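Once you scroll down, you'll see the structures, which are given as structure tokens.
Below, chain A partners chain B and then partners chain C, in two separate complexes.
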Partner chain A sequence: MSKIKITEVALRDGSHAMSHQYTVEQVKTITKALNDASVPYIEVSHGDGLGGSSIQYGLSGTDELKLIEAAVEAADFSKIAVLLIPGIGTIEDLKNAHRIGADMVRVATHVTEADVSKQHLETAKELGMETVGFLMMSHMAPVDKLIEQAKLMESYGADTVYVVDSAGALLPDQVAERIKALRQALTVDIGFHAHNNLSLAMGNTLAAIKQGATRIDGSVRCLGAGAGNTQTEVLAAVLEKMGIETGIDFYKMMDIAENIIAPILPGTQEITKDSLTMGYAGVYSSFRLHAERAAKRYNLDSRDILIELGKQKIVGGQEDMIIDVAAELAKKNKITV
Partner chain B sequence: MSKIKITEVALRDGSHAMSHQYTVEQVKTITKALNDASVPYIEVSHGDGLGGSSIQYGLSGTDELKLIEAAVEAADFSKIAVLLIPGIGTIEDLKNAHRIGADMVRVATHVTEADVSKQHLETAKELGMETVGFLMMSHMAPVDKLIEQAKLMESYGADTVYVVDSAGALLPDQVAERIKALRQALTVDIGFHAHNNLSLAMGNTLAAIKQGATRIDGSVRCLGAGAGNTQTEVLAAVLEKMGIETGIDFYKMMDIAENIIAPILPGTQEITKDSLTMGYAGVYSSFRLHAERAAKRYNLDSRDILIELGKQKIVGGQEDMIIDVAAELAKKNKITV
Partner chain C sequence: MGKVKAGIIGSGNIGSDLMVKLMKSETLELTTMMGIDASSRGMQHAKKLGLTVFDNGIEGLAENPDLVDIVFDATSAGAHIHNAGVAKELGKQMLDLTPAAIGPFVVPAVNLHENLHAENVNLITCGGQATIPIIHAINQAAKVEYGEIIATISSRSAGPGTRANIDEFTETTAKGIEQVGGAKKGKAIIILNPAEPPIMMRDTIHAIVEEGSMDREEIMASVQRMVRHVQSYVPGYKLRTEPIFDGNNVTVFLEIEGAGHYLPKYAGNLDIMTSAAVKAAEEFAKNRLKVAANK
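Right after this comes the complex of A and B.
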């Protein structure tokens, strides 16, 4: 079997769980340890990517450029990656990250909006960075649409295209179908980024690898948004058990999880009612508070609203639709009663 | 797709995590809530089954017969199951459990020792109970041996035979292979009991269902031994999403997890270094302390000892082998150095 390259996202996706309060000292310690365990890529950014620090997305406790710089200094083996969501981060942010030593950028868009990644992927290529196209909320597009969008990213110069299960909503067969189709349609590497909302991060990851994904994201001790990502130290052990090479020292990864990450975990990484509901409905976690307010107003269960939002494929930016959907549900309930 | 019947094991497998200190009041409350959520089977016993309360396996805070009685009284829909490991529990224990209203017994043996379940399964049948043969540590036997043992249980009158992944050591393809082979070889129902040590409880459970398993164990909020079992409320949601009927009200299951179980959780149900090591090595959790002592004596990493014990397929009762294995490893290390 081919070699799997793992990107550790605890210092980016995990930044959500840490309310974006990582310190330079923490980033140094964690990066140094991950580097010693031979993790090939470590992503460091605000949870919502470069430039994410804001009232809307959460203010960073420390300027992310300082954190990236600390990671670059601490790593002599691992490559440092940054996330960039066009519209949140800018070309300027990308250039700054490159200037201080970031090796790779992952340009992330909604699964149907790959075209907004063109400029950023092309600029990164010109800068000599390794490039990844990151198709978020991949469960929301049918397979043919996903292929079309992935091909766009490939044409812009992405070295890898990722299927990103942002809401942790995909099932193993759905992951397999998507990766298989992309493997046939693209010549670049295929990656997979899971969330554990349905307790399927690992199962989905193995399904992706079976179909030819070679780039996989993990978060040590599940330190990621929602229910966390594929647990890196467990993934390293599982792949070792399967005889699939990752290059990672999984004893060291286990020790990092236990001795460095567990003590700073801000809360439980278990699958709670909220994270399960998000995964089941397949919606953005930012919808939750809106749905709870609307549920109160119309005397509904907020889960019914979230599930309906998922069915109607409401996306970020359409939060004003939530109240309409709730009103509609309340009306339907009355008729049924 | 066929209907899946779920057995909730938080009041039995979860008893390990609760150090066997469940109270009558807790069992009443939890059973009543599970009953209201239409869970078909609820298992109530000491973590090591009927008669498990002992210095060796842990003393129960409350006589398990009192707990079983409380569950029987609290449930008017759910059937109450008990676990019996011959050698720990006796025919007398089985009769007592039946007398106070237990509907089903799961007779559990090591995967290669199904013959010791004969008497208990036959007696249960005579008593008119529903019967399950429970093949523990299923990862330790090759598929043909597993089939042979399952057929024995079928011949003794088991209505269902379970593949039990006691150490959470199986991978999805291994589960699929085993369930498929059993489905072809047996006429009775096939069940699957997962542990989450490798973060694969849900992925493995879906693989089992795909190959024809119709009886599945879950523990609400992962309240089971080690890293817990397949998380019941998540399983109910996932199967609902897949259009596979369980009969369970998954909103109610989510509420039970959040409002009743989470507050009494004694510790984290995350995948820790210990539970991961057990799953990777495929050994009994009772080996851990022995391995740690041997590691100290021979200046080894206890994980190396546990993994070697797994390779040599050492089973419970052979704890005295642990020091020999450690000595052997230490000798080998010296030669290599």
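Right after this comes the complex of A and C.
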């Protein structure tokens, strides 16, 4: 049966849920265990990618290069991936990550802005890295636009192009439509990255695989932004039942989820009202904790902030708009009271 | 008072916006447009305005050096290296709007007086022109240990040059935050937002000040003075909401609406570059006229 390659994102996407406070020890332990469970790719970076440590997104507790280095040392089977969002991280950051052993880079842009990834993808190719083009907030563009942008990434040298449902806003039919169109338009591999904000991560992932996606992201115990991603240990089990090979030992994955991840989670990764609202309103999943804090500061319902951010078509990375929108809402509330 | 003669290299969006602004200047007389495509919209418009038009770039000026005293370069970093060499040989003062950054960084509201005689000055980046004044203002009231800025611009106002080399923005702006803004460490982030109708340029500035030096009133007063100063040459520059103080951290929110001269109003990022360049050139011109009058 067909082969699906899974990338575990708990050490990158999960960094949002951990407020970017992963320690070298945690990364070492988790990577070693994932490596033993035969997970092919493990992504390690600040939640917002290389160079993401900032007041805007949250300062890293430990320099991400130290975390990447620890992961590289702990893995003899799994390949270590890093995320790079042009405008936040730079080619210099990429070269530093490559120097310490990162094998793959995923260069991420908003779904309509693929052309800013050209230099980074080309440099990664020159460095001999495996390359992925990562089209974030894919729900915000019509299918033809998505294809046009994916083709750009393909032309820059991406080995794989991902449809990234950063807001967890896509419905299964929409995922199927997008992957099917990309499968027809591109020759490179197609990937899919889900968020579980509408409880559709697994359903969407299966829809993507059915249409030809072969690269899939998961986060063990749903340790990702918002309500997390497709739960890796569950995905491994489901695919095994479907006769689709992933190479992952899902029994070991269950142990990692239960014994290593669960004890370090700041809270359970369930679909809270904020995550649900993000999926409903189409808001970037890493806004969850920032919106909670802003709601507290301005005495607002965090859902109202998230809905307004969705209305204003705020894109990934615009965390500063959360405070801006909250301040505006607080002002309006005062006037109406 | 007489005027100082000015010329523009590059007839694209930035060059065309400079053209509109310079035609209104009381101290600069725009005489020349140097492009490479005589049929381009900017070159055609320059002809209509009665300017001398060269379609062989700065080489035209080399053959007619008396036409211009101050040159604006709105081409690209690569082209600027050549243009800067020619301008230097001709003894022309150069305002560099490209990322080449051969000359010192200049932000008119911060360090213009120190660079009045520089043969080549660089305008840093749009995000730098918007945010470095605020970092500097905070730094005057309380020592800035770390300055971080986030510039959000509409996708439509990000030209192919910016897109092809987005690292130049983050790296150059971060350097400017340190060298001109005075922060010990600088960081810059740029976000492109494709929303329609296009959003205005927005900038957020986070500064961490030295332990024990936080003085809210002094910082507020300094920031407000600076905003008024920048408004004198970028009228659409304003604070969006009240600055936020949190421990040693200050956050300032800005919005920049363009003047709508040649470029649309949402392109505040481009307007602040051309406005800063014209402001700097006008000060250079005033200084030259003063020196000439005293001779």
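One rule holds for everything that comes next: the second predicted complex is superposed on the first by the 283 of 337 C-alpha atoms of A that agree within 3 Å, B and C clash if a C-alpha of one lies under 4 Å from a C-alpha of the other, contacts with A are read in each partner's own complex, and residues count from 1 in each chain.
In this section, a contact is a pair of C-beta atoms (placed from the backbone, for glycine too) under 8 Å apart; a residue touches a chain by one contact, two chains touch by 3 or more.
Predicted model, so just to flag it, every value in this text is computed and none were measured.
K.L.:
For A:V234 in the superposed arrangement: first (chain B), second (chain C), both or neither?
P.N.:
Once the two structures are laid over each other on A, A:V234 reaches chain B alone.
K.L.:
Is A:S199 touching the first partner chain B, the second partner chain C, both, or neither of them?
P.N.:
Only chain B is touched by A:S199; chain C is not.
K.L.:
I'd like to know which partner A:V39 touches here: chain B for first, chain C for second, both or neither.
P.N.:
So A:V39 meets neither chain B nor chain C here.
K.L.:
Tell me the contact category for A:I314 with respect to chain B and chain C: first, second, both or neither.
P.N.:
After superposing on A, A:I314 lies in contact with chain C but is clear of chain B.
K.L.:
I'd like to know which partner A:P86 touches here: chain B for first, chain C for second, both or neither.
P.N.:
second
K.L.:
Can you tell me whether chain B or chain C touches more residues on chain A?
P.N.:
B
K.L.:
So, A:D324: does it touch chain B (first), chain C (second), both, or neither?
P.N.:
Once the two structures are laid over each other on A, A:D324 reaches chain C alone.
K.L.:
Looking at the overlay, does A:V163 come into contact with chain B only (first), chain C only (second), both, or neither?
P.N.:
It touches nothing on chain B or chain C.
K.L.:
In the overlaid three-chain picture, which partner chain does A:T277 touch, first (chain B) or second (chain C), both, or neither?
P.N.:
After superposing on A, A:T277 lies in contact with chain B but is clear of chain C.
K.L.:
With touch defined as at the start, can you tell me which chain C residues reach chain A in the complex?
P.N.:
148, 150, 152, 155, 160, 163-167, 169-171, 187, 189-195, 202, 204, 206, 208, 240-242, 244, 249, 251, 253
K.L.:
Sort out for me which residues of chain A touch chain C in the complex.
P.N.:
Per the stated touch rule, the residues are 54-56, 86-88, 90-92, 110, 112-113, 115-116, 118-119, 312-315, 317-318, 320-321, 323-324, 327-328.
K.L.:
Show me the residue ranges of chain B that touch chain A in the complex, using the header's touch definition.
P.N.:
Touch residues, chain B against chain A: 171-172, 196, 198-204, 206-207, 221-222, 230-231, 233-235, 237-238, 240-242, 251, 254-255, 257-258, 262, 268-273, 276-277, 279-280, 301, 303.
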